[in-house]
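There's a structure below that I have some questions on.
First chain written, first letter: the chains are A, B, C, D, E, F, G, H, I and J, and each begins at residue 1.
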Amino acid sequence: MLYHVRMDVRLPAGLDPQERAALINREKEYSQDLQRSGKWPHIWRIVGEYANYSIFDVDSHDELHRILSGLPLFPFMSIAVTPLAAHPSDIAVAG
Amino acid sequence: MLYHVRMDVRLPAGLDPQERAALINREKEYSQDLQRSGKWPHIWRIVGEYANYSIFDVDSHDELHRILSGLPLFPFMSIAVTPLAAHPSDIAVAG
Amino acid sequence: MLYHVRMDVRLPAGLDPQERAALINREKEYSQDLQRSGKWPHIWRIVGEYANYSIFDVDSHDELHRILSGLPLFPFMSIAVTPLAAHPSDIAVAG
Amino acid sequence: MLYHVRMDVRLPAGLDPQERAALINREKEYSQDLQRSGKWPHIWRIVGEYANYSIFDVDSHDELHRILSGLPLFPFMSIAVTPLAAHPSDIAVAG
Amino acid sequence: MLYHVRMDVRLPAGLDPQERAALINREKEYSQDLQRSGKWPHIWRIVGEYANYSIFDVDSHDELHRILSGLPLFPFMSIAVTPLAAHPSDIAVAG
Amino acid sequence: MLYHVRMDVRLPAGLDPQERAALINREKEYSQDLQRSGKWPHIWRIVGEYANYSIFDVDSHDELHRILSGLPLFPFMSIAVTPLAAHPSDIAVAG
Amino acid sequence: MLYHVRMDVRLPAGLDPQERAALINREKEYSQDLQRSGKWPHIWRIVGEYANYSIFDVDSHDELHRILSGLPLFPFMSIAVTPLAAHPSDIAVAG
Amino acid sequence: MLYHVRMDVRLPAGLDPQERAALINREKEYSQDLQRSGKWPHIWRIVGEYANYSIFDVDSHDELHRILSGLPLFPFMSIAVTPLAAHPSDIAVAG
Amino acid sequence: MLYHVRMDVRLPAGLDPQERAALINREKEYSQDLQRSGKWPHIWRIVGEYANYSIFDVDSHDELHRILSGLPLFPFMSIAVTPLAAHPSDIAVAG
Amino acid sequence: MLYHVRMDVRLPAGLDPQERAALINREKEYSQDLQRSGKWPHIWRIVGEYANYSIFDVDSHDELHRILSGLPLFPFMSIAVTPLAAHPSDIAVAG
């Protein structure tokens, strides 16, 4: 099942640069593991913002919440989740 | 180049049912032609709303505007366009 | 899977009273069938508004969209859908 | 009488991890006591957010305010309360 | 139990002047009956707007919804309801 | 002359508990003096929020601003003031 | 006593041009009478909008509401009123 | 003096196609005359919207309001005007 | 040329009281110099808020920006500027 | 390809004055290099705000994101990007 997710990141002003680099590294690994598993098929940077639009493909709401709340950057993010259905004009659906 | 697009449709209350059906049919054909050409790679229905999130892959802003303003439903839509860049965590980008 | 749904109804000003009554009757039957099936376990009126908060329990985003877009009042509604996960403090979950 | 409540939590950035864990534990106990008493019949996590939708069933506005303002996390929450009435389509009401 | 209510009225542009006068008259009678009964203790005009702030004193959410949805102007109003609790600084409460 | 006032309080996170208690005490005394004088005839707690709706009855805008800006909690409040006029349906006005 | 008022005008699309011209003329006369009386000391056009910022100088909220609700364009306006107090830096006040 | 202007156009649903074409033609001529005179140095289409961002270079607020309120599409537009100053980093300013 | 300006002040929580008093004093002097010069003809306190509405009368956008960005409180303000044109109903204009 | 960009700057309250001056200097150099290269053809100060409207002319979304996220002030900015297309009334386009 597909979900559209927007994530906006706001890191605290006084964050130690090394801690910051480590945090972003962990975020990247976490994200790439999920991309490789097929659960996070798309991630795009929103131009000019510390934010992304992503598509998740998971089995349940609970699974998505576990994934999102486990993001290393989760405490510094605001996240908006929108469930997606098949569109009647989609050629992959309409055959 | 990728663009994230949200389209919300609001058809006028008194629209003739046949005219409405024909309009929606033309919209579907127009969309599917662009999907087949690779310029409109994703279209998803937002659950519970007469709205979609789409991804477009075109060569220029002008081309995108020509496509969107040519939508048969364009006069009844409000549209929000967001340019997308490669995300540094994207495995398709990072190799 | 649970979804939180808010529905706001705005009927057109000049709607014929009989047509209106028939429409609301069909809406009621449609809703009660789904309540009896267990797919629409809660519906509450928001005090002072022509609106409701509802909880749906369905198998997929596609099923929810079919249900919502099939509502007789759908063309006159604005709808907001929020996916719900188990809360860690919920005694039904935590045992 | 039923109330729909949305709670959004924002913990201060520099909160001591032990203090934080103790706080969340007290919140959980406080919530579960009220759930067991029947006054807090539903609590759901909003997917991707540190937030919940809850339903309260109490005797008066004053009782609800005492409960909410007594939440251990209350100083870190923003809360929105909506009174709920019986919906005319509700099968539990309409018989 | 007290509720704070804001009502904004928007009458349709083409409303027949006599129908309009009759409607406003019925609204006034309906309101004054409730004021005399003690259920609608305060009503104030918001300066410069076709709107009011009111205080209701009723026994339940259901009673308030019956009263509000029975207003002759209800179909032309948008209404926002806020439940009120005793304030700890209120001299009527604190003694 | 009547004014509708909404006050939202946000105390700084690190406020010393004793200072906080003293501040709230001074606020209460200040408010109760004005209530006794008849200038602050109503104060209600908004359920679930650190906020109130109040009605003030004073002689001028300047007097109201002196009162509000003198509140011990004023530096931690956001305040919205709405002037109120007599409502034509008010039985106290219409006789 | 001074009030800051913003008025936004939205005339109905199908308004008869003569009726429209007559309406705007009556509005102008009504406004100029009040300007001459000293009750409406300032009126400015907001550049690019069918809107104005005005200052009123009247004795009471009730008087201001009578004036504003008597505007020939009142049914087509949205109006926002803000009470003004003397500013401590104002040289007319500070001497 | 420079002004940043955003114009959003919303044509009425039932507008006669010929009237519409004539209106848009008059708008184009009006705009191009001002462009040629140097008073309207930039106009850009906002991708996906019936809207534009423009820059005006005129001598006074009054002149800008005369120009904007004279637009053939003015009755169907919402317009937002922002005055622009020289930016200290601008190489045309800083030399 | 006239400009309508709204200024909202938010002083940092931990500001030293003496520094604060000095800052507000400098602001007052700065403002009163401009009032005496005729460039800042009106300043009004918004009742209940640490905010003002002001009217400026200056020769250019650049001059206004120099004045506003030079305010001692500028780093702690949010400011909204609206250019004003003559109103066709203004008796000072219409003669 | 053209992009409309709005940048709002909010520097942290406790920023060291020298660090601040150095930061703003680096921002200016960075901006002026891009202006000279033709990639940042316009930058205007929004009167009364620590903000600018800019026009960028670059080859791709990725290039724009690299430029914007490389701004020395980027961590203290909120940025909104809008893609621009040729306007059919533009004399530079229409010939």
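In this section, contacts are C-beta pairs under 8 Å (C-beta built on N, C-alpha and C of every residue); 3 or more make two chains touch, one makes a residue touch a chain.
Here the structure is a predicted model, which is why all the values come from computation and not from measurement.
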| item | value |
| --- | --- |
| Between C-E and C-D, the pair joined by more C-beta contacts | C-D |
| Geometric centre distance via CA averages, chain J-chain E, whole Å | 50 |
| Centre-to-centre distance between chain J and chain I (centres being mean Cα positions), rounded to whole Å | 27 |
| Separation of chain G from chain I, taking each centre as the mean of its C-alpha atoms, in whole Å | 22 |
| Multi-chain contact sites of chain I, meaning residues that touch two or more partners | 2-3, 45, 47, 61, 64-65, 81-86 |
| Pairs of chains in contact (touch as defined earlier), listed by label | A-B, A-C, A-D, A-J, B-C, B-H, B-J, C-D, C-E, D-E, D-F, E-F, E-G, F-G, F-I, G-H, G-I, H-I, H-J, I-J |
| Interface residues, chain J side, partner chain H - complex | 2, 4, 27-28, 31-32, 35-36, 43-47, 52-53, 82-91, 94 |
| Residue numbers on chain C that touch chain E, as the complex places them | 11, 13, 45, 47-50 |
| Chain G to chain E touching residues, read off their complex | 3, 5, 12, 61, 64-65, 68-69, 78-81 |
| Of chain C, residues touching chain A in the complex | 1-3, 60-62, 64-65, 81-86 |
